[in-house]
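Here the chain labels run A, B and C in written order, and each chain numbers its own residues starting at 1.
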Amino acid sequence: MTHSKALLASLFLLVAAIGPASAQANKPAEIGVGIFTFTSGPAAAYGMPGRNAAELVIKQINASGGIGGVPIKPVYVDEGQGTDSVVSEFRRLSSDHANEVMIAALSSGNCLALAPVAEQLQMPTFMWNCDTHQLFLKDKYKYVYRTNSSTVPEFLASILYLLSVKPDFKTYAIINPDYAFGRDAGLIVKETLKALKPDAELVAELYPKLGSPSFNTEISRLVTAQPDVVFSNFWGADLENFVRQAAPRELFDHSQAILALGESALQHVGTLLPDGVIVGVIGDGYWLAPDAQRKPQTKSFIESYRQQFNEYPVFPSFKMANTLYAVKAVYEKALATNKDRWPTGDDLVAAAKNLKIETLTGTLALREDNDGLVDQIVGVTKKDVGYPFPIMSAMVRYPASLVTPPVGTDPIGWLKGLDRAMLTTIPKPGSYR
Amino acid sequence: MLKNYAPLIIDGMADAALIFFVAVGLTIVFSVLKILNVAHGSFYALGAYLSVVIGTFLVDHGWPVFSLVSIVISPLLIALTLGPLVERSLLRWTYGRPEALQILVTFGLFLILEDFQKLIFGVQPYAQDMPMQLLGASRIGGIVYLNYQLLLILLAVLTAVLLRVLLRKSRIGKLIVAVVADEELARTVGIDAPRVYILAFSIGIFLAALGGALASPTIGVAPGLGAENIVLAFAVAAIGGLGQIEGAALAAVLVGFTRTAAIYYAPELQPVVPYLVMVAVLIIRPYGLFGSAGLRRI
Amino acid sequence: MTLRYTLILAVVAGLLPIEVPWLGFVFTLAVSKGFAALGVAMLLRGGLISIGHALYFAVGAYAVAFLMRDAGISDLLLLCAFATWISAVVGFLVGAFVVRYRAIFFAMLNLAISMVVFSLLSKLYYITGGTDGLRVDTPTLLGTQLSRGMFDLVLQNTALVLMVVAAILIDRYLRSPLGESLGAIETNEVRLEYLGISTRGVIWAAYTTSAALAGLGGAISAIAIGHVVPELSYWTVSGQLVLIAVLGGIGGVPGAFIGAFFLELVRTFAVGIAADAWNAIIGISLLTVIFFLPNGLFGVIQHLERLRADCK
């Protein structure tokens, strides 16, 4: 008799134990997150800092319990295999239900290819790095968000800085990689200058292939044309190769260079640059910026990164880190809204709508068309005794609202309509400290 | 007047110099072994990688001047180790068999070498510009040029002359020419044809690796370098006439100049130029500028 | 025998994805590469190696992208038909002067033209999208827009049906005088001309047909992936097509498809296990097949069939 009572009692306890658990029965063991970046080829010089940051941040998040008590399991995809392989991988990862969110991509070309696929497959996708303004230009997306800024504010900021330090230049040249990002930038720079300095003359416009090993002939062309200003949005190994090949040819000594993504290469080739080269971080992710240095969480991130990877985190690292924290915030909001179940894809995109969060380096606001609003920091190179490479100095922090076209306007049309008067009201170089 | 054209000439010749090294190796291999070596670009890439690695080692250990030496050591090492190995183990089984097969065997070799390169050197980009820095720069017509580029032009001309002298005057050269002209007869006279094949193949890949090593201080070295260069080498070798060294030199100059001119006058066309020239030349002279037709069977 | 083995392949490829859904995508791509490889195999029969056939693959793919974007055509079957037609026309025009060449020079000329097209596709950013390529939205079927999941199923099965149909047609072609002459060209071209057959005409017909096949393959691939890039015309893709043709075996029509399935499956699994070694794995497989199985994988099947017939 006691035997069967004990049996019944233990059965009852067993059911009682399972009972509450089944209310969270659809809580997964892990959150699968696909992370797309370049880990091979010339672009890896930019993509690896992104991957490193992802590893660091995910380790830290998982160490403190994960998201909603569930650890993140990252799946890294190398964008170096080419766009069609990247698209195929995205499809393959999406068909596995363990993967809930995609963080993709680095290259503007890949983002443009992946956005419609993400929408078709209803996979929540957060674009951590690509900034082509073409992304949300013609299409409305429900499942695609961009947790960083677009090309218009980024390059407008560079040109505003240029006009602040060198308002009287006569000629300029553009050399960008030949794909959406480079072509976008070329168009944006030309239109901005037409509106704000119509007498500036374009003397050379070159678009070498992304990943070209050598720019020697292009550099000769630039040097022959003797422009007062050279604008480039090269990145990754292209940027490093360009600096290495152009520095001995004295390009940076005779022309004012704007390296819009320059900060990412300062630790490797910065010593080859003279002081006064305008460099940017296409966003606000500079580790020595006042906002970054003020926040204890950021300082600890910088220190952990340096210890693990032997260099200071560059801005791609911050873009990735900020995106991961944004995704965490989205999950937390969705979990709070739907207390009884694990968030579905639709719950996540609803939670992401109009989200506003503090990031490691400032704030990120997602607006109605899912694009991101981030302030823009621009500065110039300056040698510093504290570091074996130049740092950014005379910085300006342009507020997102100042340099970003409003929702629903044609970005290029907005640029055409810029008023010269704005040059007197914008923040001055050195105002951000 | 000269000031306007100096950049064009210097850049064109510098471009031609690098193209020449890759193409001439390919054309020699074709001439002696009658094989179109699809893996030729892989040897260019290996030459570049090894040179960068050795150079970086030397620079880090305080001997920057010797980084110039790494440019010569690297192709020698590659030719001496891989030359006989690949020829003996792989290529010798393809002699006399249909071209389709030969091309496929070297394509298989290319695929294997691509991953071999990634295995040894990794997938991150490399750079080592110490040799370039050591030689400094000069001002010509008001524009700064790298002395290294000028040296490249000199080296290419020297190599072309040396090759010609080697083939016409030296004993080894005459053996090679004999085997190319008529292999059976050469064997009958007692020439060790298999040895000549190994030698010719090794010389060919030495030149390819040398091209890569010479290019490495001025470029970024990353995966994909081999694939890009093989198709360029094909184009130049075909334009010059497969198997013709002088043809390769002339074709290299032609392609180098037209590519450079494109950047100055029509930058959007720059990547298309080598292949357009190839199509144009092949339509007018199907066997290349200096090539000639083979025999048809009855 | 062609029909039998192609049907077996089609049925297996049609049923497996029911168990393992993502294989459907892999198989659709395999069929598309198979079409292009079949084109290359036809030319190989005539002793002609084309290392530029990726050109037609790209033409078919971009044709679909342009038709959808600029001509407003969105029906799956119409897109495939037009893309095949356009590739055939390009093949006809290019073939007009390419067929004068043989051996290495034929190969080089094809290579050159495919690289010219690659460079143009990469550079003409405002027309072709440059290196970023163009998007291909989901086509409609007889007027209705299906969900992507449903559409993928339809695409996969359409590709398999087309595979069987093409296999039968090309098999007929190869048994016809035009096809048999192709084999004769490899053996001894001059003798054929003495018989009064225009070798140029024979090769031209084969070339145009092979271009059409490659174009169809490109179209299916473009629709399956949803994106087209200039790399579709790059010389390494041409090399892969020749590899597939030889791997599968040029002795019979199913060979090209068997080779394509083998390659796609090896690639899918290798990328999962040893992402940086799959090129080498394929290279080694190629060398193994060349030296030990000169008639390719289908050649092994043919050999077994003959043994079985002998034993009766």
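One rule holds in what follows: a contact is a pair of C-beta atoms (placed from the backbone, for glycine too) under 8 Å apart; a residue touches a chain by one contact, two chains touch by 3 or more.
From a predicted model like this one, the values you see are computed outputs, not experimental measurements.
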Checklist line | Pair of chains joined by more contacts [C-beta pairs], A-C or A-B | finding: A-B
Note to self: Farthest chain from chain C, going by mean C-alpha coordinates, please.
What the structure shows: A
Next item on the list: List the centre-to-centre spacing of chain B and chain C in whole Å, with centres computed as mean CA coordinates.
Entry: 32
Checklist line | Whole-Å gap separating chain A and chain C, where each centre is the average of the chain's CA atoms | finding: 39
Next item on the list: List, in ascending order, every residue of chain A touching at least 2 other chains.
Entry: 207, 209
Next item on the list: Two or more other chains in contact with one residue: find those residues in chain C.
Entry: 122-123
Check: Hey, what residues on chain B touch two or more of the other chains?
Finding: 118, 123, 268, 271
Next item on the list: Name, in rising order, each residue of chain C that touches chain B in their complex.
Entry: 44, 47, 49, 51, 97, 100-101, 103-105, 107-109, 111-113, 115-116, 119-120, 122-124, 188-190, 235-236, 239, 242-243, 246, 276-280, 282-284, 286-287, 290-291
Note to self: Under the definition above, what is the set of chain A residues touching chain B in their complex?
What the structure shows: 39-42, 44-45, 48, 80, 205-209, 211, 213-214, 216-218, 220-221, 223-224, 236-238, 240-241, 244-245, 248-250
Notebook entry, point to check: Can you name the residues of chain C that touch chain A in the complex?
Noted result: 21-22, 25, 29, 122-123, 125, 130-133, 135, 137-138, 148, 225-227, 229, 231-232, 275
Margin query: Under the definition above, what is the set of chain A residues touching chain C in their complex?
Written below: 78, 82-84, 87-88, 91-92, 95, 108-109, 112-113, 116-117, 120-121, 178-180, 183, 207, 209-210
Item checked: chain A-facing residues of chain B, complex -> 7, 10-11, 14-15, 118, 123-125, 127, 129, 132-133, 136-137, 143-146, 149, 215, 218-225, 259-260, 263-264, 267-268, 270-271
